[in-house]
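Next up: some structures, all given as structure tokens.
Okay, so chain A shows up in both of these, paired with chain B first and chain C after.
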Partner chain A sequence: MLDFFRKKKHISIDKTAMSGEGNNKPCMEGEITQVPLIDVTSRDLQQTLRGTKARFSENIDYNISILTHRLPSRELLCQRFHIGTLSQTRVVMVYLGDTANPGIVSEIKDRIGAIKTKTVMDSIYIERNIEDSHISPFPQVETSQRPDVTESALLQGRIAVFVDGSPDVILAPTTFFDLMDTPDDAYMRWPVAASFYRAARYIMFLIAASLPALYVALTSYNPEMFPTKLLWLIVASREETPFPIYIEAFIMMGIIEAIRMMMIRIPTQVGATIALLSGITLVIAGIFSNFIGAGVVVIATLSMISSFGIPNFDLRISIRIIQFFTVSMATLFGIFGFAVSAFAIGAHMASLKSFGIPFMAPLAPLEPSGWGHTVFRQSSETMPLDETYKPLPAKGDFDEG
Partner chain B sequence: MKSPDKQAVITNTQFGALVSSILWPTIIGYGGGIMAREAGRDMWIGGILGIVNSLILAFILIYVGGKFPGKTIVEYCPKLVGFIPGKALGLLLCLYFLFGAYQSVAIYVHHMNDFLLTETPFAVITVIYVLVVCYLVWHGPEVIARLSVIGIAAALVFSFLVFLATLQEINFDRILPLLDMGLAPIANAGLTATSFIGPNILVIAMVLPLVKVKEKAGRPAAAGLLLGGILFTFYFIAELMVMGPHVTALMRVACMDLVRSLQITQYLHRFESFMVTLWYWSMLVQAGILTYCAVQAFQQIFGLKKINIISVVTTGILLGGLTYVFAFNRTLFLNFLEGPWDYISLPVYTGIPVLLLTFCLIRRR
Partner chain C sequence: MRDSVKDKLDPRILAITIIVALFEFETFAFAKGVVKFAKQDAWISVLLGGLIGLAGTFLLVKLAERFPKENFFQFNKKIWGQPLAFIIAVASLVYWLGYLVILYKDTSMATEYFFLKRTPTLIPMALFAGVVLWLAVYGLTSIVRFFQIFVWFLILPLIFVSILFLSAVDFKNFFPVMSHGILPVILGAVYYAGALQGLEVILFLMPFISDTKKTVTPALIGTGTVFLITFVHIIGAVGILGVERVQKEVYPGVATMTIPEIPGMMGDRYELFLTLPWITGVFATIALFTYLVSDGFGQIFNIKYKKAIVIAVSLLIITGAFLIPNLAWASMLRENLNFITFSFVYILPIITFIITAIRKKRGTNE
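== the complex of A and B ==
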């Protein structure tokens, strides 16, 4: 993939400084030896069956060249920055001049220009500094390693920020529906299937966020809500378990988080096998020794599987943590706690903005005309364009950011 | 510390959703039982009278508000009726909104404490609920309006579930004959219905300056009022057809008793928790916007522009205190809503719009 740069681009290393000769000479001075660029292969987080297999690399020039190759237009504009008093890391903001909202372009430019740091080790340092709310669990910018996703974002009037040394490109502004979007949706032939899977992901999002809490609330406070046969099953499975339902839920959720962390730390097939074995062993041993009820295992596993329906990593992590909050509220206040936590999260999501664009647009504020390519995928012979980021926002849409 | 809401703008669709989602939740809570006691099987006609009355008042408010672009009712009152009387009217509206919010909070807390969380202390539910309301007020009307869209979607699901569940139980004979008790009880029930939704109608006059296309605000307001009205009238008819007027009249919270007596197949035989969760969205939107209007009215009386944290916290404490002191005794609360409230509310929700319209016409604005 990087043959072109292997020939032309090299990393600089000062031999003198490395050998220890001389006293505290700057690395940039002295004899420079050229070392070939190392090709870094990373795990692909946005795999698709169709579409390009190309991914951005850690070299910013290569990344920009891929983009200019895909969009050879004079409207493709770049703004260059050097961020970091020590590292002088190259950061490039790319957008389509005739499509992007000038207000948002100027806002992102100002926010990047205002960053004061010694070094930029990854694009995450830029991301953290330009987001609207640092406290919110929800990411307000999207990152991608895919050139086609970046191209699509630019065509919709969004802005891409490249950082030298990072293969993750920041795409802003971002709505909830961008985070729930996958490239597969665009590449699927039949729009009904694409809309079906998209709707399934929203349901999975809701299950991941709320199912354990709902289960705890109903079993702890309102068991009469269950159909009688289901209630018998739940009661029978919990007959000899020593812990209350909420303790069981927290234990199961904790085990799942531990296994998930293990899989991240050992990212090989061995890791997956170990995770699978340990998971099965723990659950079977737990159920057979009456340590834990089967109902909780089913609910916790279902919510874990559902969380993997959320395509964006940051959003997925947020939901896993939010799950602990909703379960805590349900433990304390039953269905009322569940409703309060659901409403608080909903209110927070509705109040969030990404560079002036409401995070829940086009659902809240309601813009049904935008649903064809956000909430669902409309039938279209050409690439559907999202109007959420249209260049001329109505009064107040941007000013409030 | 200033509110994040700087230049709130509500689209016309959101405005319609807001109006409809705040119209129905409290009236189905306590209104059903009260109106059944007043008008028997004709209580639903009282509901329709309430909607017609609301539509007239809403159009008066939009007409008068249109003469003062960018100003809320509290801001233009002194310009129309004079400084001191205008400020006094503003204070009256502030108290009216606060009472509307208190009524909303109290009705929700009663539902929770009496039906679902009987062991949890009243104060705990009140405090948590008021905290969420304050959180909403802090984010301002724009966020509340966005949530109202979800609220109205939840309300439609709510009504659809009620329709499904009542399908097997309905008996048309229970609402016949029409005008069984004569016209006077129906008018009385209409007065009760308007008293319940009165504070919500006046919200229009507070939110109007934030609406994106003010010239076309009438249509979403009318659509919202009609939709909200249909929602609660449908619920009244469902209550009558399933439980009959006599049983409904015996109930304090007839809507909850209706939901508890229904089932959807053998799989959803007790679904009041789900119904409460759906109802909760509209309820919180209502409590949030009424509290916001109370805070905003108070600030505008004293010429303060932006909502600040002290106002929100103070209003939250007042709201929680009022609920705990006056709503803990359910009988007292119910007697107040059934008796004096109609006569306190009527001069405010009808008197103020008519007064302002009169001044508007006299001064040829």
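== the complex of A and C ==
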């Protein structure tokens, strides 16, 4: 596939995409022209060992042409918009006519059509305008630069929104399990290994969200719940430290965030080296001078490592912030506070929806038929499809009012 | 957006809902009440009570199945007539309010006992009520989705704990069998069946289920799971602590958990595995019944301000909880409530079912 993209210097595109006409028509229909292929460069995001190395570019025509090449079907429909009174940015909503839920299609169309702005600088501005709740820490749409991920989403009945000038394609609706999904899961040969790594990511998610809070709650309020030997180790490591455990936790979490921001600001090998060196120096100096206990360093580092198991950037950032919330609650109210914060997050996740689809589907509501490519990865010769995004029969309709 | 496509619930979730609705404070304290009546024969009481619970579940499902689009308050009018149905509904609401008050009181005392010894209980309870309120406002489907997320954190530690229990049981504590006759055993069974408070949720969940014909098996699995875990629990409590100590302990479930030691395991105390499921169960039950009470008030008195009702109900419950002076009062109220539960969860629905069957009443599918 990579060779194909490299050899082929021109990709066909749909001219109607530029004219603003031909709404709801097959993407491949219309006068075809050739545009030079923009260099394909692999990026750090969503890197995989196997699968296409092609990525979307900032040119919307190129992006749609990749998609029409991968799915040359008359069911691949494009709905075109010009958003921004000043910029008239081209936005194209793409879906499979025979697969997507018509209710969701019309809802996304309405939400995009209702956007009133002068300019659209990036797909994030479309995302913010169309998602159900922008106060929620959890992203309700997924973004991807990968054509294969987009193709897979379309086949599941989801909708892709392309924005000119942005390589990030919006995929909606989105559930928690879409955000925890990686292309590697689908490309791994052995389903047991794929399911194992998927389960590991969920555990890492839980560790990232809750481990520091649980540690602070137990050490500060209920140390009797630790196994005795572990408690001795913790007590010994904190024998001469001057600060309470929660201050140590906040300091460590702050240092980790600072190092992470530093690595983003200096995205070179030099930056990584500086971050690594300063991090190690701080921690070693902190432990040896008894500023912080070794236990809290282990916990904070483990939760940081675990947070990198979360594939989606927005979800990862949310979990880091949620970590501060859970630690604060644990500091104030111990295990009780930790539990209440978990309930608050759980209540929010249970009530959150993405374009009418519950955020936690297919776990809640329970739809085991969808677990094959969400909670686990089933063994199948073809791509597993589920009912998560499909409309249910009319008799199932119910409004809680 | 009309986003109702996923709001209809799969019949299988009835099992999860029943499990979560039944697990609360009483799950870890019921042993004390059953042992008070049946002594070392408490396990027989639980067996009998469990069978009553399963039979009750079956009848509740069969009753609700006849009215697939209506909840208990709605179809009651067709069976009992408007005035009697109104009285039954108001009595049910008062009973649930009482239940919630006791549940909050139990929670506040347990919070003080286990977690926050020096914090005024009003603060954690207000926090707890705030999150309950938030969830209850979103409605029953959100509450059930919450159950589906958290049921694993409830059930897996409990199964782990149940396995640990069995390693330390001394079977001598169960002898002699039936030395006090059958009556204490029956009283214990009634007490235990009453502790299965929450089964009536079946009567309110049915309108949300997509295929009401497939609800019997999940409902029985739900009650059966709770029955199985509580049976292991009573075996553990009597078999490990003995009759006298079970009656002395404030929380026999937690006391039992402090005893098993398994060489080679990573820990030597497992209270945490009991504590977190306990808080989860209590939270879920409170959220469910806060919703049911608020929704019930809305339906009966035709009030449309749902959020205002939920807030008012929460305030009422917390105030009520702080009017109960101490643990002795709370225990006494709880014991009486378990017998009242028997009337509301078993006797009333059974009579309703009999009348429905005799008069051949059925709901419409519209």
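Criterion: the second predicted complex is superposed on the first by the 347 of 401 C-alpha atoms of A that agree within 3 Å, B and C clash if a C-alpha of one lies under 4 Å from a C-alpha of the other, contacts with A are read in each partner's own complex, and residues count from 1 in each chain.
Just so it is clear, a residue touches a chain if its C-beta (ideal position, glycine included) is under 8 Å from a C-beta of that chain, and two chains touch if they have at least 3 such contacts.
Every value quoted in this text rests on a predicted model; they were computed, and no experiment measured them.
Visitor: With everything superposed onto chain A, say whether chain B and chain C fit together or clash.
Guide: Overlaying the two complexes on chain A (C-alpha atoms) leaves chain C and chain B clashing.
Visitor: Looking at the overlay, does A:Ala339 come into contact with chain B only (first), chain C only (second), both, or neither?
Guide: both
Visitor: Considering only touches as defined above, state whether A:Phe355 meets chain B (first), chain C (second), both or neither.
Guide: A:Phe355 sits against chain C, while chain B stays out of touch.
Visitor: Let me test your reading of the model: by the given contact rule, A:Ala54 touches which partner, first (chain B), second (chain C), both or neither?
Guide: neither
Visitor: With both complexes superposed on chain A, which partner does A:Glu107 reach: first (chain B), second (chain C), both or neither?
Guide: The answer is second: A:Glu107 touches chain C but not chain B.
Visitor: Which partner does A:Pro365 contact after superposing on A: first (chain B), second (chain C), both, neither?
Guide: both
Visitor: Quick check for you: in the superposed arrangement, does A:Tyr221 touch first (chain B), second (chain C), both or neither?
Guide: A:Tyr221 contacts both chain B and chain C.
Visitor: Quick check on the superposed pair: does A:Ile259 touch chain B, chain C, both, or neither? Answer first, second, both or neither.
Guide: Neither chain B nor chain C is touched by A:Ile259.
Visitor: If you count the residues of chain A that each partner touches, which comes out higher, chain B or chain C?
Guide: C
Visitor: Can you give me the overlap between the chain B contact set and the chain C contact set on chain A?
Guide: Dual-contact residues (chain A): 218, 221-222, 224-225, 227-228, 333-337, 339-340, 343-344, 346-347, 350-351, 358, 360, 363-366, 395-397, 399-400.
Visitor: If you look only at chain A, which of its residues touch chain C in the complex?
Guide: My answer: residues 101, 103, 107, 218, 221-222, 224-228, 230, 333-337, 339-340, 343-344, 346-351, 353, 355-358, 360-361, 363-368, 391-392, 395-400.
Visitor: Which residues of chain B touch chain A in their complex?
Guide: 4-9, 11, 13-14, 17, 112, 116-117, 120, 124-125, 128-129, 132, 135-136, 139, 142-143, 145-147, 149-150, 212, 266-274, 276-277, 280-281, 284
Visitor: Looking at the complex, which residues from chain A come into contact with chain B?
Guide: Touch list, chain A to chain B: 217-218, 221-222, 224-225, 227-228, 333-340, 342-344, 346-347, 350-351, 358, 360, 363-366, 394-397, 399-400.
Visitor: Of all residues in chain C, which touch chain A in the complex?
Guide: So the residues of chain C in touch with chain A come to 1-10, 12-13, 16, 111, 114-116, 119, 123-124, 127-128, 131, 134-135, 138-150, 207-208, 210, 266-269, 271-272, 275-276, 279-280, 283, 287.
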